[in-house]
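Lettered A, B, C and D in written order, each chain numbered from 1.
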Amino acid sequence: MNLTALTLALLQLSLYVALAPLLAGWVRKVKARLQNRRGASVLQPYRDIYKLLVKETLVAHTASPLFRAAPYVVFSATWLATSAVPLVSTGLPAAMIADVIVVAGLLALARFFLTLAGMDVGTAFGGMGASREMFISALAEPAMLMAVFTLAMTAHSTNMASVVEYQLAEGTILRPSFLFALSGLILVAIAETGRIPVDNPATHLELTMIHEAMILEYSGRHLALMEWAAQLKLMLYGALIANVFLPWGIAQGSGAGELASGLAAAVVKLGLLGAALAASETALAKMRLFRIPDFLNLALLLALLGLLSYVILEVGA
Amino acid sequence: MTALLLAVFTPLAGAGVLALTRSLGLAGWINVIVSAATFAASIALARDVAAAGEVAGMTFRVDAFNVYLLALTAFVGMTTSIFSRPYMRHVCQTGRTNARGMRLYHSMYQTFMFTMLLALSTDNLGVLWVAVEGATLATVLLVSLYRTPEAVEAAWKYFILCGVGIALALFGTVLTYFAAQSVLADPAEGLTWSALYTAAPKLEPSIMSLAFVFLLVGYGTKIGLVPMHQWLPDAHSEGPTPMSAVLSGLLLNVALYAVVRLKMLVDGSLAASASPHMAGRLLMGFGLLSFLVAGLFLHRQRDIKRMFSYSSIEHMGLMTFAFGLGGPLATFGALLHMLVHSLTKSAIFVTVGHAAHIAGTQSINNIRGLIRTQPAVGWSLLIAVAAIAGFPPFGIFTSEFLLLTATMKLQPWFTVALLLGLAVAFAGLFRHLHPMVYGPAPEGQKPVPANMIPVAVHLGLVLWLGLSIPGFLARWLDRATELITGGHLL
Amino acid sequence: MSFESLPVLEQLMLAMAAMALFTSFVLLEQERLVAAIHAFAWQGALVSAVTTLVAASSGLRHLYFSALLTFALKALLIPWMLHRLSRRLELDRYAEPLRRPALVTMAAVALVIFSYWLALPIMHENLIFTRNIVAVSLAVVLIGLLMMVVRQQAVAQVLGFMSMENGLFLAAVSATGGMPLLIELGVAFDVLVAMVLFGIFFFHIRESIDSLDVDRLNRLTETEEDTR
Amino acid sequence: MTHTGLNAAALAVALALVSSFVSLFTVWSPRLLRVAAMPLFGLAGLAALAAGLVALAQADVATAELPLGLPWLPWRVRLDALSGFFLCVIGVVSAAVGLYGPGYVRGFESGRDSLPALGGFTGLFLASMLMVTLADDAFFFMVSWEMMSLSSYFLVAFHHDIAANRRAAFMYLLMAHIGGMAILLGFGVLASFGDGLAFDAMRGAEPPFGWASAAFALSFIGFGMKAGLVPLHAWLPEAHPAAPSHISALMSGVMLKVAVYGFIRFFFDLIGQFHWQWGVAVLAVGGVSALAGVLYALMQHDLKRLLAYSSVENIGVIFIALGLAILFLSAGHATLGTVAFAAALYHALNHALFKGLLFFGAGAILHSAHESNLDQMGGLLRRMPWTGYFSLVGCLSISALPPFNGFVSEWLLFQSALQVWRLDSGVLRTLIPISAAALALTGALAAACFVKVYGVAFLGQARSRHVRRARPVPYSMRAGQGMLAVLCLALGVFPATFLGLINAVPQQILGRGLNQTLAGGWLWLTPVRPDVASYSAPLVALTLIMLAGLAVWLLGRRSVFRTRRCDAWDCGFAPPTPRMQYTATAFAQPIRRVFGLLFHIEESVENQDDGKPRHRLDISDRTWGLLYLPVARVVEGAARRISYLQSGNVRVYLGWTLVTLLALLWIVS
């Protein structure tokens, strides 16, 4: 792969890691506004991360080396996963290296270490968080794969870049399968990124937390990495939904102008998605843990319907 | 010829001598020596047959079919006598029988061997009948040797049932003779098997089929075919263990041998008739029935020797089925099965005898932890039962393999029944075997002086046969297959 | 050919056979043991008489000997042994009422008919004058077996067994003009030994269950629920 | 025989037999097992590996005849790519066992269980497995097959003082026997069409669809029973844990693969015709096994039982792949069929590696902490670090996470499943996506399961005293684990290279290779076309390491000093005690609630006399109640009824004789 491609890949990596906190901040800001608060500045997440980085790091006596290694693994795995989801351009070499199944795999890897880290110190909350996280993801992951498979089968490719290109080439066609897949994927994204109604990123109320319970023992730079990884994941799902289902405006070449416009389009789309997320979070209340399966089964059902409606309605036709 | 006469009549002489021998220890040794001599003679006979193809004369006729059964009988007789010497001494010391009983035992043991060998080697159906009846008479007193009520009862049932059966067999023989009258040049030859065999196509089918029914029911009682089998478990479980070993290992074989010989006649006579396979169908029916029923019976046994006698019924049923099925493959398998089954089964009974001595009882529920107490006995029992259940590399697997493939080729639907039967029988055996050999041993259970050499030899032979069948034996079995079915494999 | 046209010798022979069949009915029905033994002796005598007649009419020499043998064994020796035994077992007053005699008789008659039906096809052209006797002898055998089934008393069972032997012998003689001598000797020997052993067993049985009722020989059963 | 591969294979068998023979002398010197038998065993494994590699590299067929067997049918031996591949599978794990075993069996030298049995049957077990893969006629195959069952049965019954183990062994042998008979009959069908028991004759056979289906069904039942497909799996979770751990590794890691080999040989090679009905059957059974296996695994708290159930799951995955292969082949899409087939093979190899690795880990824990109950473990990573790290690799691989090997096979499988749109039949087009969904769910649940395993066993704090006293295991045992762990990683990072080796198998069996998949060279996997899907494991691994390194370099290095140890925060509650940790049971509770109807759950709270309420929970397999117990009841009932034949009254017996006689007379006349 040539130099421009490599630079593109690096550019996208850095864009993700740079913009992820911004997206998180934006969502918080909109949410605050919707709740008639002024809310912290959009840049607050950057400040938090910096603060954490420079603070002292505390590690429990009972923690094993894995506890200290986990943040790096989680962060880098998530970060690598982002590299395969086109953000500004479809001319993406990383998409060749890792297709969407690999992306799912990398996210799973990150989750694996996240949960292990949660169980490592040996506190009740850590175990609780890990158990719930795996429980949710066990139901969410197949739904996500199903939704993605629908796209992949339509585009005859699991390579995200080519899927997007296929979409662009095909223009706007109202596919029932896509409607199902999209709605399924949105539900999955909410569950996987730990947003309301599945989980509340803002709470530290012991018995309701899931993601927070796992990183409860972390502090300092470890915590910074974990938070950052979470924001990356949010952005990844955002980009997935925004660019794959609504691929307008994304750059196909590697010219500077194209890239700029692509970036602009991406920012706008993500902004809208973030706003929507914030709106839904204000509107909805968090569910009881054992109503989450219904939520996720709905997601799985939608994804599966997408797949079936594809093979039944669209291949035959 | 001399070898033949020696092989047959040595045991008779031995019986005479033993009847007069008072010293217990001496009697045991004489028993061993006589049996060994018999075996040597049978080996010589086997070599003659191998050279000449068959040895005939003086109403005797030894061909490929019965020569290996002769050798087998003599061999099992020898090993069992080796086992029975210390075993019966132990029995005598525990006071379950007395010196007179021992004398009776030894002389009758040899008489039994004589009748077996006579029945196998004769060419005359009448002599065959007399010999088989004689076998019953010789063993019936041994079954009741211990004089316990159960033993007496078992002996009585054995006597009555086999007596009746054998009487019916005689009626069948008479009918055969009747059928032969009009056919044979010399009516006096009417009971000579070889003469009948050559004239078989001319024999009156209707009479022969009637005759076969009587003969089947008669000798079938001896084989232990359901529903005439009821004497068998009783006799096996109540008699002294060496007796059970030879009964299961030899007597059943001989009865089956007789039935097969007669089937050859009937097939010849019915070949042209409306139902040429009548005999085969009957054998298949009885065989399958015995096989399945015996397999089910295994599940509810409480007496270890009883259990293994049912397993004998099961295997005899399998062989009967195979002979009935016909065709070279099945017949070869059945002949092989006769060999390996009697070797394995006698080995099992020998081991069971030791196990019963260790535990001091024959009740399955009280035999525990054999491997812990006496590994030799425990492992032998375990491995021998694995062999009888049809696991390679033992010979029984080979024969069952041939049998199943042959069935699949000829009568595919029967394989389902066979499969079920094998599974049920296997479960029945092992569910009882497991607690006996495995697990912790009860307090104060001690090893007994046991001579495991016969067992080792038998299992070694079965293993050898499982890995590869030696050429001379293969040729014999193949020749026998040719005699019985007309086709052959080699 | 019709019965009238038969020579008187053969008519006599058939009559004897019929008598033998009748005696086995008597054996079946007879309640008193001693009387049954007498009936058995009569049956033996009749069989040997038939044998003699066959020998006379067919000129088979060795049949005279076997007739003699039969008479000695079946008509004299074995009945005498049974008498002695029943006396030593205090059974000479013993009487065993038969359950459902009518049913048993009908069964026996049915057996006779059945054996006749069986014997029909096998009648072909040799020893023309005795062939019908095959049916009779078969009937005797089956009735003997039936007797062993319905009689609970060991000695009675032995009687049934022995009358089966009679039927066999009748068949051998009538149908085939007698088996080879060697075989007949062997058979006779076996029967004798069997009788001796029976004698021994009567005592064993009695000392184990102090009775000769075979229905009480039921320790070796598997029908009761196992306690495992 | 002059073929090098065949010589090596013969050497392997010979070495295995020698090892089993040597260990008979352990009666006199127990340490012989450790110093002679196990090393010989390892050597046998290496020889087998060499033979397999030669066969795969040369991609030719070598045959020979042994002077054993039936007079007219000597045992025939054949080494082709397929046998070669499975020789590799057997060889690798056996070699690892050879390393691991000596340290492990040391624990038994003082025990009361007989060492000759252990060593002897272990060697025999390996020898018979090798012979199964080498056999070229039905008779030899069945002999080796049943010997394999028998020898492993003796190993399962090794600790026979425990009643549960005896039951397990009985159950195992019974089902193995039934399965063996079914296979035998399957061979019988083929033999009667292509006259002869030699495999060549059977290849020639062209049975009509009905009989072919009968053969297929019989073999599927037989091999499936051995492989542990639901619902014929009941013996597996009982038997595998009962054996000593290195044997469990062999049984779960290798013997199940031998069953897979048998199925492939019988079906793809001997029957050689493909019908979509069969594919659907295999696919469905595989899917059910995968799901049920992983769910039951999640519910276990005994580590070895859990691993055994997860074997059921992985076997299910393998059979899903085989089912897809059959479907694609029956529809004439040879390329896709090949991909699915290769996925099955690759997953077989992977599962052998990581399952062996995990059983080694369980064995190490058992060896040093004498504990196999997860709820008693905890904090073992700090007490036995090497075992901990190697087991982590195992858990990552079995959870199908990149860049480890489990992920590659799953990826290939998904890729072939995603080509379903090429099929014409609408039924299949709907069925396969559902199976793919099942596969995805399985993968996610497997991840949950092994997070539970690792988190509860190795992380947190020890839940019992003897676990707190656990010590690292001997180096030899660690070496055995290390070898497998390294292989897991290697197969994950360089899949193209290893698939290139395996490529010979589909070329020989299906007549075409993975040329398309491997077109991109060692760096790339491109199952169908580069633009359709591609995965470059090496680059992913490399980038992952680079990014992590970057993060560490930016943050870790400078701020080492600013790390301080302190008590756990835990929301400021009292300092946490080990009893406050989540147990394995607690961890799985949400999933238990969701999938509750799949299990037979008995939950109760009993009040002990000491006033302390005790919570009881036992979860059992539904198949027992649905399949096995009814069968047992039927047999018992039949046995009870039949026993009236043995009433004990001699007159009744005589009556039977009379009736039989009359009936027969009636019939014949």
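The rule we apply is simple: contacts are C-beta pairs under 8 Å (C-beta built on N, C-alpha and C of every residue); 3 or more make two chains touch, one makes a residue touch a chain.
What you see is a predicted model; the values in this text were computed from it and never measured.
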item: Shortest chain-hopping distance from chain A out to chain C; value: 2
item: Per-chain CA centroid nearest to the all-protein CA mean; value: D
item: Chain whose mean Cα position lies farthest from chain D; value: C
item: Cα-centroid distance, chain A relative to chain B, in whole angstrom; value: 78
item: Whole-Å gap separating chain C and chain D, where each centre is the average of the chain's CA atoms; value: 69
item: Length of the line joining the C-alpha centres of chain A and chain D, rounded to whole Å; value: 35
item: Between chain B and chain C, centroid-to-centroid distance (C-alpha), Å; value: 31
item: Multi-chain contact sites of chain A, meaning residues that touch two or more partners; value: none
item: Residues within chain B bordering two or more other chains; value: 156-157, 160, 164, 168, 206, 210, 233, 297, 300
item: Of all residues in chain C, the ones touching two or more other chains; value: 118, 121, 145, 148, 214, 217-220, 222
item: Touch relationships between chains, expressed as pairs; value: A-D, B-C, B-D, C-D
item: Complex contact set, residues of chain B against chain D; value: 156-157, 160-161, 164-165, 168, 206, 209-210, 212-214, 216-217, 221, 226-228, 230-231, 233, 278, 282, 293, 296-297, 299-300, 371-372, 375, 379, 386, 389-393, 397-398, 401-402, 404-405, 407-409, 412, 415, 419, 422-424, 426-428, 430-431, 434-435, 438-440, 466-469, 471, 474, 478, 489-490
item: Complex interface listing, chain D residues touching chain C; value: 643-644, 646-651, 654-655, 657-658, 661-662, 665, 669
item: Partner chain A, residues of chain D touching it in the complex; value: 378-379, 381-382, 392, 396, 399-402, 407, 411, 414-415, 418, 420-421, 426, 429-430, 433-434, 436-437, 440-441, 443-445, 447-448, 451-452, 454-456, 458-461, 530-536, 539-540, 543-544, 547-548, 550-552, 555-556, 559, 562-571, 576, 578, 580-582, 586-591, 593-594
item: Interface residues, chain C side, partner chain B - complex; value: 118, 121-122, 124-127, 134, 138, 141, 145, 148, 154, 157, 161, 164-165, 167-168, 171-172, 175-177, 179-180, 182-183, 186-187, 189-190, 193-194, 197-198, 200-201, 204-205, 208-209, 214, 217-220, 222, 226, 228
item: Residues of chain A touching chain D in the complex; value: 53, 56-66, 68, 72-73, 75-77, 79-80, 83, 96-99, 101-102, 105-106, 108-109, 111-112, 115-116, 118-128, 130-132, 134-135, 137-142, 145-146, 149, 152-153, 156-159, 162, 204, 206, 216-217, 219-221, 224-225, 289-290, 293, 300, 304, 307-308, 311-312, 315-316
